[in-house]
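Two complexes follow with subunit A in common, the first pairing it with subunit B and the second with subunit C.
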Partner chain A sequence: MNEERELAISPIVHSSVQHNSQVVSNIRNLTASLFGVAAGTLGLESYPGFLFYLVGTLIVSSLIFAFRTDGKPTEYFHQPLGDLWGGDVFSGLSGFVLTWTLFYGLVRA
Partner chain B sequence: MTLLSTTLNAVGLIFLTHAVYSTHEHTTTFPSAPLPLDITVELLFSTLVLSAGIVFASPSLKPIQWSRWAGKIEREGRQSEGTWTREGEEVLDEGDPYAFLGLDGGIGGKGEGRRGFWDVRGKRQEYAEWVKSGGKN
Partner chain C sequence: MAQPIVQTIHRDPALFWWILLPITVVMVLTGILRHYAMTLLQSAPKKQALPQIRQQRSLVRGMNLRANANVLTPSSFQARKAYMVSAYQEGKFLADPEGRGKPRPNPMSDPAAMEGIMGMMKGNMAMMVPQTLIMGWINAFFSGFVIMKLPFPLTPQFKSMLQSGVGTRDLDVRWVSSLSWYFLTLFGLQPVYNFILGSNNSANQVTQQMGQMNPGAGLMGPEQDPDKLFLNEAENLEVMEHRWILEGVEDRLLAKFSS
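This part shows the complex of A and B:
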């Protein structure tokens, strides 16, 4: 009820929300494949590989936080924790695994 | 911003290609030796540079609160999105959704500021003054 009133007072522009989440998901997909290349070339296996991906996404999130939102994520994301820091982390995972296995096979095996 | 992102991406790609090639050469020569530190550092550095380049190359975010978003449009007007159609027309981002009302015309101007809006009282007063003045002009 409180949030509803809050939204009635300061409404949200849906096209901007869509645009922002699309930008974040684009960045996530591109960087996920990039981290896959790095993980496969480094020869990481099993849990260290996934840990590498999580650390990489955290770095990318902080890059977005610092250079795209200028340190004010509430202005661009309705829920900064879910939409910026955790947004599309698991949808990029498949691209990560794809390039990870590909480059592990090409370079290491 | 585009020059910076292009430079970062180009430098990152060169280093990444070099690092992956070096790793390939190293593992074919010494299959069981661990990766040297310089290749690892180069790989991680190129990954960082490339991800920074990708973030810089992405289009800027738009404010989600209506007031901030509308204020930005008011201040800056319609901006180019950095893309052009095949006919060579510049693609602009979204503008003021109420621009068709023409409200801006009424600020400091002689117009009523709204299309299809007729100031009845103003017209009545004008008519009364015209009658008072004896129906001249």
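This part shows the complex of A and C:
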């Protein structure tokens, strides 16, 4: 009940939430493709490649945390853990695999 | 144990220009074409008669009243609630008040329902046809080439699919033919479409399915009895607990500034 009252006093605007998650997913997609280029050029294979992607997204998450939300993610996201740190990690993976394969094929194999 | 020999295949650099690049370009262009085809195929919403529109909108009005009740003072909320509930129960907003209680007609015979089904079929067609065409095109033109090596290992089950047309039994699964590049682009091009067409595009399947769930479509389908929906909404309004948002606002304000 108390939480419901909090929500009524400071409501969550749906379009703002959508816009914020859109911004995060745009950043993720772009950086995922660039990580793919980097991983392919470095010639990473199998596990190191995926590990590279995870580490890269973690760095990007902390950059979003530091610069886009000014260190206060609760003001921008309803659930900072899911939406900022974990949001769209796997949707970026397909773009990563695409560019990774392309550049690996062009540079190495 | 000796280290397993790493298979290497020397490929013509022209494979990139004549296979990889064309497939990628075709995939991107198909996505864009599909987006514009979907935009063109979308039939404009049919004009409805005034009573039908009133019937729909009054139901939406009740829902909005319920959703935004806490910004109203108790007295004005009570007044609205009393009006809406009595109007719902009397069936004031019904499109044909004489038809209350009669069984609904078969939804398949209703032309409005057929239109919705047709729209969905069109969407599916716009998705299926290019995919089959492109897969056939790739199989006809580019089968039998090994074009690239995947940077990650796969299980041998993928061999028959990804190396189709390559007649070597012992080749590593990581060497794949052009069809697998097609699959990679199929799944990985969504960000590219996002950047080209904006975020609300219908170039790929996933976003297209989201677009079909337009808001309010299932709200009052032709197969549902509007009278029942109205009675339901009246009941919802009756049992709703109303809390005014400005209740105790002075205390909250003072607490905010004193801290």
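Keep this in mind: the second predicted complex is superposed on the first by the 106 of 109 C-alpha atoms of A that agree within 3 Å, B and C clash if a C-alpha of one lies under 4 Å from a C-alpha of the other, contacts with A are read in each partner's own complex, and residues count from 1 in each chain.
Here, a residue touches a chain if its C-beta (ideal position, glycine included) is under 8 Å from a C-beta of that chain, and two chains touch if they have at least 3 such contacts.
Only a predicted model underlies this, so the values are computations on that prediction, with no experimental measurement involved.
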Looking at the overlay on subunit A, is there a clash between subunit B and subunit C, or do the two fit?
fit
Subunit B versus subunit C as contact partner of A:Leu44, first or second or both or neither:
second
Of the partners subunit B and subunit C, which touch A:Gly105 in the superposed model: first, second, both, neither?
second
For A:Gly95, is the partner it touches subunit B (first), subunit C (second), both, or none of the two (neither)?
second
Based on the superposed arrangement, let me know which partner A:Ser33 touches: subunit B (first), subunit C (second), both, or neither?
second
For A:Phe77, select first, second, both or neither according to whether it touches subunit B, subunit C, the two together, or no partner.
first
Cα-centre angle that subunit B and subunit C span when viewed from subunit A, reported as a multiple of 10 degrees
80
With the superposition applied, I'd like the minimum CA-CA separation between subunit B and subunit C in Å.
11
Contact residues common to both interfaces of subunit A (with subunit B and with subunit C)
26, 30, 106, 108
Subunit A contact footprint on subunit B (complex, rising order):
16, 19-20, 23-24, 27, 35, 40, 43-44, 47-48, 50-52, 54-56, 58-69, 94
Which stretch or stretches of subunit C touch subunit A in the complex?
8, 16, 20, 70, 147-153, 181, 184-185, 187-192, 194-195, 199, 243, 245, 252
Taking the touch rule as given, give the residues of subunit A at its contact with subunit B in the complex, in rising order.
10-13, 15-17, 19-20, 23, 26-27, 30-31, 34-35, 37-38, 41-43, 56, 59-60, 63-64, 67-69, 75-78, 103, 106-108
Complex contacts: residues of subunit A adjacent to subunit C:
5, 8-9, 22, 26, 29-30, 32-33, 39-40, 44-46, 49-50, 91-92, 94-95, 97-102, 104-106, 108-109
